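Order of writing sets the chain letters: A, B, C, D and E. Residues in each chain are counted from 1.
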Amino acid sequence: MVPISYYLVLSGILFACGVTGFLIKRNIISIFMSIELMLNGVNLSFVAFAAQWHALSGQIFVFFVMVVAAAEAAVGLAIIIAVYRTRETLNIDQVDLLKL
Amino acid sequence: MQERGRDDLTSVGGPVLSAVEGTRALLRNNALNITTFIIVSLIKTVLALFVLLTAVAYTVWLERKVVGHMQNRWGPTRVGPFGLLQPLADGVKFLFKEDLTPPHVYKPLYIAAPMIAVIFALTSIAVIPVGNSITLGSLHIPLQITDVNIGLLIILGVTSLGVYGVALAGWSSNSKYSLLGGLRASAQMISYEISLGLSLVGVLMLTGSFSLRDIVDTQGGTFWGFIPRWNIFYGGQFIAFFIYLISAYAETNRIPFDLPEAETELVAGYHTEYSAMKFAMFFMAEYANMITVAAVASLLFLGGWHGPVVGPPILRALLPVFWFVLRIFGFLFVYIWVRGTLPRFRYDQLMAFGWKFLLPLAIANLLVTALVVALRA
Amino acid sequence: MTHLIIFLFFGALCLAGAVNLLVQRHPINSALSLVVVMGSLAVEYLLLGAEFVAAVQVIVYAGAVMVLFVFVIMLLNAGEEVRTKGSRVAMLFGIPGMLVGSALVGWVLIERTGSQTVAAGALPGAPRTIGWLLFHNFLLPFEVTSILVLIAIMGAVVLASHPDTDSGKKKS
Amino acid sequence: MPLQPAITDLEQLKNHPAVAKLMAWNPAAVEGAKFDRDEMSIYLERSCIRDACVLLREDADCPFNYLADVTCVDWFPSEPRFEVVYHLLSISRKERVRLKVRLEGSSPALDSVTAVWPAANYFEREVFDLFGVRFSGHPYLRRLLMPEDWEGHPLRKDYPVEGYR
Amino acid sequence: MILNMGPHHPSTHGVLRLILEIDGENIVRIMPDIGYLHTGIEKTCEAKFYQQVVPLTDRIDYLCPLTNNLCYVLAVEKLLGLEIPPKAQWMRVMLNELTRINSHLVWLGTHALDIGAMTVFLYCFREREDILRLFEMVSGQRMMTSYFRIGGLALEPPLGFFERVQDFAKRFPSKVDEYENLLTGNPIWGMRTKGVARITAEDAILLGASGPTLRGSGVDFDLRRDIPYSGYENFKFKVPVSQDGDVFARYMCRVQEMRESIAMVQQAVDGMPEGPIKAVAPKVILPDREMMKTQMEALIYHFKIITEGFAVPAGEVYQAVESPRGEMGYYVVSDGTAKPYRIHMRSACLANLQALPSMCEGRLLADVVAAIGSIDIVLGEIDR
């Protein structure tokens, strides 16, 4: 018997970790992973709420989030590859110009 | 207290899927106590692992023997009659070989990679049923470590994690050949997993369940008098079966898709830098994966363990297992046969084949099956 | 009781993974930590009774998305990241934002503990039910998502292919 | 078949297509010729080897379009010491001709024919490696068979040899 | 990324080292680096008598020793002006064609193995074993035969030899069908070889390619037919030519060549003339054992040939033969003594290898393996 709030706390901390990573990481790929971490935190809260309210919509939502995350990962990583090809770096500080 | 205990009993299984489902099933059937359950599960697990590992070893022997005969050779003959003890000798050799770790590797991942590969390869056996249940006194034991209602999904999930072993081995070896092998492997496995998954969806539509036992149960009997109601015939999943076959070859890195370890191009691909037991682990993982893939093919397309059953009760219980093993053996034989026959694809051809041919074909098959199912309903 | 222990164990594993993601400087270590996070989250989903979501979590997230990450890290041979000072804006708004978020979490923790509990497998997320919901109540979003995925795949192919060579042959 | 004596008189050999062509182009380029054992050798002046090769390759009725071999012979104590030997083949006429260039022993060098036949690349590198003949205009004149840091040129006759001889 | 392929890599056929500059799997630049098998045979030859060089020529190209024997022997015979009796010539042609089949079998096996077809390799070695047994029967050696001597052959072919050759010649065409069944129509084989490592006829000529590499590009030139030697003009055979210039074209050329070769072996067996196997030149050719024991003169010649060799008139000769790999040429310079002044071996593989970069640049890594296989290099011959 685990209180539902425990799950929420866990999801909150995961989300906070994601935000922190987004702020302190300097490698594009790591930053991208932090975003995934945030999404995962949110997913957990969705599932937890679904369990709380006995409604499956929460799980369906998670399903959508995952699909979108997969699509996002494909595009995002493609962009990273393209950026790396032109700039030869993955450091976010050196990719701050729109044009070379 | 009794209520409470049972409740806790249920929750024991939570993480370990097997326990949850197994407990439920057992509780439903016989109201066994927890000790019996654990003991039975343990015995089953140990037995399954033992059988699987032996099967892995003898698949290697079988491959060497069959390919040998296809190529005018004898294969192993020296160790034991017909070289039957060869796997044992190989195992001993691997154990006592010096375990080299090259100085330039990234050690934690270098060591972890083969373990990841072998663990995920062995895990999927947990949800594969090998036959009906047997009854020992009051015990009613299904021949399966655990019957989960998302069994197929678990197999897909676990095999999709197997790619980490290969990819990390390639990366952590810090060698160019390994890296290329790892890159090839991960790209190939991701690509072909999609076709593999899609080829299974047709069967799922026909059955309406993820549980492997349910899937097999629907394939019993015959139609038109003599043709067995296997999915490959009755369900019209002929094309799906071949898509599965091809994708499975690619998933297990076997010729003609053995690019990640193509020895004439990449020396040995992702396991170039591995030796001794670590190498043996990759080897075991590859063959365990082959067996899993063969088992899934038998369950989903070839009617699982259905076959003529006669004789006393114990034979009635064990004959299905024999039929099932026979199918796996047949599938493995095709694996070996293909290895003796075909050359290897080139990397871009492999990708093009997967994305431009196999995937559209799988989708088309899916649409047709969906239409048939919809019209039948 | 066991339920709680399992929750705590995998919760802790999950958090350890998340923190490790932040601490590690090499992207591949971060990626593997994220895989651990996802794996333990899948177990948490199981605890919540969402079997299907757990399986999909493993297949899609751990099995596909993260493999893609690892693949790209290997492909670009990304090295250790160089720590530099983050942007001022991030520090100015990010840190307070973090603090507020944590405070919120703390408040929830203190206020709401024990209000409601959930038993293992309380809500069986059977694939059949989920499928039914997806193709009835959520048909439109489902179709929209599939189009989105299609566009994303095409976009990824276009972006990743070399502009000069033929290519576009591998999506990953 | 008893051996016929070699014909070395340029006048008698004028009818050979390669000799005729070269003589018509630049009589000074041809230092001599020899017809021995059914094989035609033409001695060329050092500086015109590349142009002579172009000429023979572009010949309309007997193009020696295939460079079969480039090698060298070291006549050590005598001078001119080195003889660089080119074997040309006419695929259409099924005929061979041998071009020879004599070089002095001190810092032997001549023009590379890699621009005429890319095939000469390895052959010339090999000659450079083993004889120390330099080919000017060669794109990548490095040792081919011997290690990069090897000293001396082994096929020269004055290269010290140890052991059984 | 710079990738060092070789010198010990499973598919570089020996000790070839390729320095590949790659971008992902695409080849940007190829730099072959050779010399790992350099044995200095050309230098060694200068210290040997003429007849002592024959065994050295075996070691150059260990897949077709008899072709090398033949080429060297022909060159020296030309220097000496020797007339070779017809039986020796026919034997030479027959053994040469067997050698060609032998070499092509090794090529086909390893080439197929490079592309992943393992079974062909073992099938090819099955027939190669038969040929090696024939060699052993006729010369006492499986690989380093040294069977040809200056002025003829070393020994009379043993009793029953021609029957066994005949037997092999009967069997072999069906075996070639077997290899072709496994490869020619195989779609994967086609995908891996067709359009891969293409080279045009002009480039092939300019790069000095020869043999099947040249004929695969559509240049109809074969030394056996066009500049015949050793009695090849007595044989009827077709020269297979393909137009495409890719790996598949070279593959087809060689497979057809195997069929033609076995037909020539058959012709040689059928029309084998009777007569001596050595030329009449007592100063050059070792006398028979029997003669040595009975005739004083023979004993003296034997002693002189063994101890001080035989003098060869001054001059120079370039003799080329069509080896399985292309134009194998020996440039022999004599200064009138018993030791060759200079021997240069024109290696077909060295020239063919030069074509590799232009074949593969811009293609994929796997194509390099296919291309190396298709030009059929033997490092012993390249490095000498």
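In the analysis below, contacts are C-beta pairs under 8 Å (C-beta built on N, C-alpha and C of every residue); 3 or more make two chains touch, one makes a residue touch a chain.
Note that this is a predicted model, so its numbers are computed, not measured.
**Q** Starting from the defined contact criterion, work out which chains touch subunit A and subunit C both, please.
**A** Per touch definition, common to subunit A and subunit C: zero chains.
**Q** If I average the C-alpha coordinates per chain and also across every protein chain shown, which chain's average lies closest to the global one?
**A** B
**Q** In terms of CA centroid distance, which chain is the most far removed from subunit A?
**A** Here the answer is chain D, farthest from subunit A.
**Q** Averaging each chain's C-alpha atoms to get its centre, pick out the one most distant from subunit C.
**A** Using the mean of the C-alpha atoms as each chain's centre, the farthest one from subunit C is D.
**Q** Counting contact pairs per chain pair, which pair wins?
**A** The chain pair sharing the largest number of C-beta contacts is A-C.
**Q** Could you put a whole-Å number on the gap between the CA centroids of subunit A and subunit B?
**A** Roughly 32 Å separates the two chain centres.
**Q** Taking the mean of the C-alpha atoms as each chain's centre, how many Å separate subunit C from subunit D?
**A** Whole-Å distance between the two chain centres: 72.
**Q** Using CA atom averages as chain centres, what separation in Å is found between subunit C and subunit E?
**A** 63
**Q** Take the average of all CA coordinates in subunit B, do the same for subunit E, and state the distance between these two points in whole angstrom.
**A** Chain centroid spacing, subunit B to subunit E, equals 49 Å.
**Q** Multi-chain contacts only, two chains or more: what residues does subunit D have there?
**A** none
**Q** Residues of subunit C that touch two or more other chains: which are they?
**A** Answer for subunit C, listing residues that touch two or more other chains: 3, 47, 52, 56, 64, 68, 73, 75, 119, 171.
**Q** Using the contact definition from the top, classify how the chains connect: line, ring, star, complete or other.
**A** Contact pattern: an open line, chains touching in sequence.
**Q** Could you list each pair of chains that touch, in label order?
**A** Listed by label, chains in contact pair as A-C, B-C, B-E, D-E.
**Q** State the interface residues of subunit C toward subunit A in the complex, per the touch definition above.
**A** 3-4, 7, 11, 14-15, 18-19, 21-22, 27, 30-31, 34, 37-38, 41, 44-45, 47-50, 52-53, 56-57, 60-61, 64-65, 68-69, 72-73, 75-76, 78, 81-84, 86, 90-91, 94-95, 97-98, 101-102, 104-105, 108-109, 112-119, 122-123, 125, 129-130, 133-134, 137-138, 141-142, 145, 148-149, 151-153, 155-160, 171
**Q** Quick check: in the complex, which residue numbers of subunit B touch subunit E?
**A** Checking each residue of subunit B against subunit E gives 67, 70-73, 176-177, 180, 255-256, 258-259, 262-265, 267, 339-349.
**Q** For subunit B, which residues count as touching subunit C in their complex?
**A** Against subunit C, subunit B makes touches at 7-8, 10-15, 17, 20, 109, 149-150, 153-154, 156-158, 160-161, 163-164, 167-168, 170-171, 179, 182-183, 186-187, 189-191, 193, 208-210, 348, 351-352, 355.
**Q** Which positions of subunit C touch subunit B when the two form their complex?
**A** Residue list for subunit C touching subunit B: 1-3, 6, 10, 28, 32, 35, 43, 46-47, 51-52, 55-56, 58-59, 62-64, 67-68, 70-71, 73-75, 77, 119-121, 126-128, 169-172.
**Q** Inside the complex, what are the residues of subunit E that reach subunit D?
**A** Residues of subunit E touching subunit D: 34-35, 38, 40, 42-43, 47, 78-83, 205-209, 219, 221, 226-227, 313, 315-318, 320, 327, 329, 331, 333, 341-342, 344, 346, 350-351, 353-354, 383-384.
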